[in-house]
Structure formats: C-alpha cells, structure tokens
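Each chain carries a letter (A, B, C and D) given by its place in the written order, and its residues are counted from 1.
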Amino acid sequence: MLDRSKFKFHSQLRVRNYEIDIQGVVHNANYLLYFETGRFAYLENLGIKVDVTTQQHESKVVVVRNEIDYRAPAKFDDLLDIHTRISFIRDTSFAFEAYIEHLEMKRLVAENVSFHVWLDHRTEKPRRVPDEFRHIVRKFEGDNALITLPTTTA
Amino acid sequence: MLDRSKFKFHSQLRVRNYEIDIQGVVHNANYLLYFETGRFAYLENLGIKVDVTTQQHESKVVVVRNEIDYRAPAKFDDLLDIHTRISFIRDTSFAFEAYIEHLEMKRLVAENVSFHVWLDHRTEKPRRVPDEFRHIVRKFEGDNALITLPTTTA
Amino acid sequence: MLDRSKFKFHSQLRVRNYEIDIQGVVHNANYLLYFETGRFAYLENLGIKVDVTTQQHESKVVVVRNEIDYRAPAKFDDLLDIHTRISFIRDTSFAFEAYIEHLEMKRLVAENVSFHVWLDHRTEKPRRVPDEFRHIVRKFEGDNALITLPTTTA
Amino acid sequence: MLDRSKFKFHSQLRVRNYEIDIQGVVHNANYLLYFETGRFAYLENLGIKVDVTTQQHESKVVVVRNEIDYRAPAKFDDLLDIHTRISFIRDTSFAFEAYIEHLEMKRLVAENVSFHVWLDHRTEKPRRVPDEFRHIVRKFEGDNALITLPTTTA
C-alpha cells in the first residue's frame, strides 16, 4: 500500500453515469482515466503545461507501465479524491504514485503506480528528463521524491 | 435553434483529457454523454431520484430519439454549462431540450433534443407517464413545458 | 423509417462487453460510435482514405448534425450489420444515412442520419465538396444519391 | 516479459477509430478493455458462460489488480491478436496473463497480468474458486497453469 503521508496534492472528480458498468460500479478501465486526470491536474498545479493538442514538440512523454490495485468499487455520483505525486525521476524516466479515496466515506478505492519515459519526438528514443522539470518537481515534492539532479562542479 | 429564454436549470462539467479525439476536440459521441449528465442533474434538482442500479422497478424510461446539432467544438479543459429543460410531457412520452455553452467564451457548443418513452418493466409496453412526475415538472417549468395534466372532475 | 432498398453497403461489428451499460444494453451514445465505424468502412470500400492522424490537410470534414432513432436494444456479443450510404451531396455539405440490424434476428436496432460539412482547414470556412469525391460516390450509389455534379459546357 | 510458449488461445480485434487518442495511437486505458475482451473470449472458448447481465448469481468474480506493460503503440485499423491464458488458480483467486501482438507486423504491443478474486455474492467475502472451474481450466491448460486441485483421498 502506498505511503499516504507523502502526498501533497489532490484533485476531485465526480463519477459520471456513463462510467459505471453493468454491475453498477465504475468499470475497472475507467480508473486509469481518473488517474490520468489526476496527473494532468498535478502538472497543471506545478505550472507545467500539458499540451496534448500540438504535435510540434521536440519531445514527448509516454506511459510504459501501469499498476492498479482495486480496493473498493466506486459508484455513480460518488465524489472521489485523487491524490497524486511524482515518486522518482531517473535519467530518462519517472514515476507517478496515486490513490483514489471516496471523499465522504474516507474509503480507499484504488491505487496506481505509473511509469513514464521521456522520448525525443523525431527519433522516438529515450532522452534525459529535462532539468527544468526536475527542479520544478523537486521544489514541490522536496525529499519525498527521489530525483537525480544535475551535479554542479565547484 | 432552441429558445434559450425558456431554460431555468443548468449544470457544469469540465472536459476531461480522454474525451477529446485525434483532432483535439471533444468527440461527437461524447456530447450525448454530456447531455445525459445534464438530464441526470436536472432530475436530481427536482428531487427525482434516478436509480439506475436497481432493476426491481415497475417501470423504466428509454431514449427513443436523439437530435444533436454541433455548433462549435469544445476542447480539453473547457468548462461547459449544460442548460436542460423538459419541453413537453404527452401520454406515454416526454422530451428534453438542452444546449451546451462554453462558459468563458459564452459560445454555443451543441444543442440536443431527446425523446423518451415510459415503459412497463415487465411487458416493455409504453405506459402513461406518472401524474406525480407531471406535477413535479409542471411546478418547476410552469408554462414553458407543454404538459397534459389529469383532468379533475368537478 | 429509412428506405432499406437504397443501401448497397454494409459492414459488421460485434458488441463488446464494455459497451453495454448498467441496464445490460448498448449505451445510447455508443450507437454513434458504431455508425461512425460504418461510415469509415463505407469510405474505405470506395477507396477513399480517411486519414485522421495527419493534420496537414487543406480541408477537413466535420459532423454538424446527428439524428438517431433507437428501435430495439443491442446486447453484449450481438453481431450487428451496419448499412451505410451517402444520400446526398450538395454544395458544401453531404449526408449519410445508416441503419443497424441485428444480424441473426433480422431486427432493426437503430437508424441514423448524419450531416457533414467540408471545411477549408485554415480558414475553417465551408468549401465546395471536391468533384473527385462527388464522382466516386456517384459511381457507387448511382441514382440513389442526389449529387450535384459539375456541369460540362458543350 | 511473459513466456509466449505457454499460450494456447488467442482472439482477434480491430482497433476502432474512436479508440485512438489525440496522439494518433490507442489510448493507454483502452488496452485494459482489449485484454478484458480477450478474457471473455477465452472463457467462452472453454464453455464457461460469462453472464454479466444477470445479478442473481451466488458468486461473482472481481478484478483486484492489473499490471500493464506498453511495448509499442497500436494505431487505427490495426488488427490485433490477443493471446490469453490462466496462469494460476489458488484458493480464492486466480490470474490471467495476456499479450497483444500486432498481427501483420508480429510486433508486441502490450502485456497484462490481471488478478481476480471469487466472491460470495451476498457477503462479498472471498470464497473458494469452484472445483468445476479448476477442472475445466486444468483440462485446457495442462501443466502450464498452476492449479490447486481438490485432493482425493485414497
């Protein structure tokens, strides 16, 4: 189970009627959409613009792995709290941790760890996560995130 | 174009990242989901509980026709205002009218008229829209909605 | 009801489990996705490539109106036959008609008329539907489609 | 990476236009839908009926964890091969392994391990995976699946 004390950011989301399945609960694939929504809100909160509509960037970020643990089902009209943090930034990759909590019932709904790789847009090869991104995340997360920062030579 | 002066209820909704298509705008099918969300909010506001999870009802309501006019595309993160009203209640059917407006830009995004039929749950045959439903809607909409009410004999 | 004798093309589609809603039937918004799939198959059959991934085109086509009549619900694993045709091409617009039939039960599931406008990509203004498109559709549909063709001066 | 030699069943699926995202590739959440489709096809092939529409069962199966590795993006109209197997059945739980391959290009698209728990419908507590299910899977998978079978006393 993820260490909840390390999360500094959360966003909210209400379950819409078309997101529940035949069993009356949120379909298991939709949580991935919710977690993604949480990551967008997190980045926006850090002043990092996620421009998904333009394709003229020199780099792009792709998801390479998702782990989801389903704890208790969410239902129609539930108000959910999505807690999101970046847990590490390595050379060309970084990870988000997140958990969804049922706001009223304070019940854990689902947990997610997602792994992302920074790619050069043309070559589609991994490239170093930009230092600017490292610094912004570092400033917000402090020691909670394991971030390799550029060494400054004395 | 729908007569905007007749609408008394609206609800809000923010476009989520996974609802936009390859062209960077909300996929045309998603507006049907938004309008449905507006209808649910409308009914909830009138104190009418839409219990989609139970199937032990004696009647159910089905959509029989949808008309959607697309006016201007909505984009990621747009805050939308969904205006919703019931325009008529006939013997076994009723209709919703709705339009979506881009909140900041005050721009019309899409319009919808949907037609619904009240069915007996077992026989699946149309049955009279309940008088209680007529009275609740009548009370809220007043003369804006064309509603056949039960005649009271003197 | 659409005139079925005028349809020359159909494609098939199986209802997937995640497309049914809490009531056990295909959610009403998903039929729009099915009809769109039918239009893509129709155009592909006519040798018209729908390149949705590139945005470097000089023109694009947008949906401006959808009408859907729901006749009988489709269920999980149903094999559906989507009949699709272009019914008219005017100056800057054209329309598709389509109906979905339950393959085994020969039962009408839903009908759709969709209206499309050809836009100049940069100005976003309507422009004339290309003559090449008119000729290809005319050749396939014959007199079933009302198509304004370019006049040839003697 | 999953051991491909252990898979005996595969089903096919074509990427539909509405399943690709703004970047022109299948949205990462949709692979979960594809893998689920693969599991349904697998169970159907073994003669195990998945009745999602009835809620009058004495037990139900829920997903408790999903792991997905994204290897190479699938695009619009790609024909995908979904290879699916049950890898183990323990007391109250079992797991599926699956991978998606691009049919023409023989390229690995994504891999998935999903964990499922058998619940008593009323109490919502885990209960033993039925012996009938164990035997059917054992007969199909042979030694590839780790299945605890009921012991027969001599």
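By definition in this document, a residue touches a chain if its C-beta (ideal position, glycine included) is under 8 Å from a C-beta of that chain, and two chains touch if they have at least 3 such contacts.
All of these numbers come straight from a predicted model, not from anything done at the bench.
Shared contact partners of subunit A and subunit D comprise B, C.
Here B-C and A-C are compared, and the pair linked by more C-beta contacts is B-C. Comparing mean CA positions across the assembly, the chain most remote from subunit C is A.
The distance from the centre of subunit A to the centre of subunit C, each centre being the mean of the chain's C-alpha atoms, comes to 38 Å.
Averaged C-alpha coordinates put the centre of subunit A at 34 Å from the centre of subunit B. Mean C-alpha positions place subunit B and subunit C at a centre distance of 26 Å. The multi-chain contact residues of subunit D, meaning those touching 2 or more other chains, are 18, 20, 22-24, 29, 33, 36, 52-53, 55. Chain contacts in this assembly form a complete graph, since each chain touches every other chain. Taken in their complex, subunit A has these residues touching subunit C: 18, 20-24, 27, 29, 55. Partner subunit B is touched in their complex by these residues of subunit C: 22-23, 28-30, 32-33, 36, 52-53, 55, 60, 62-70, 73.
Those residues of subunit B that touch subunit A in the shared complex are 16-18, 20, 24, 33, 36-37, 40, 50, 52-53, 75-76.
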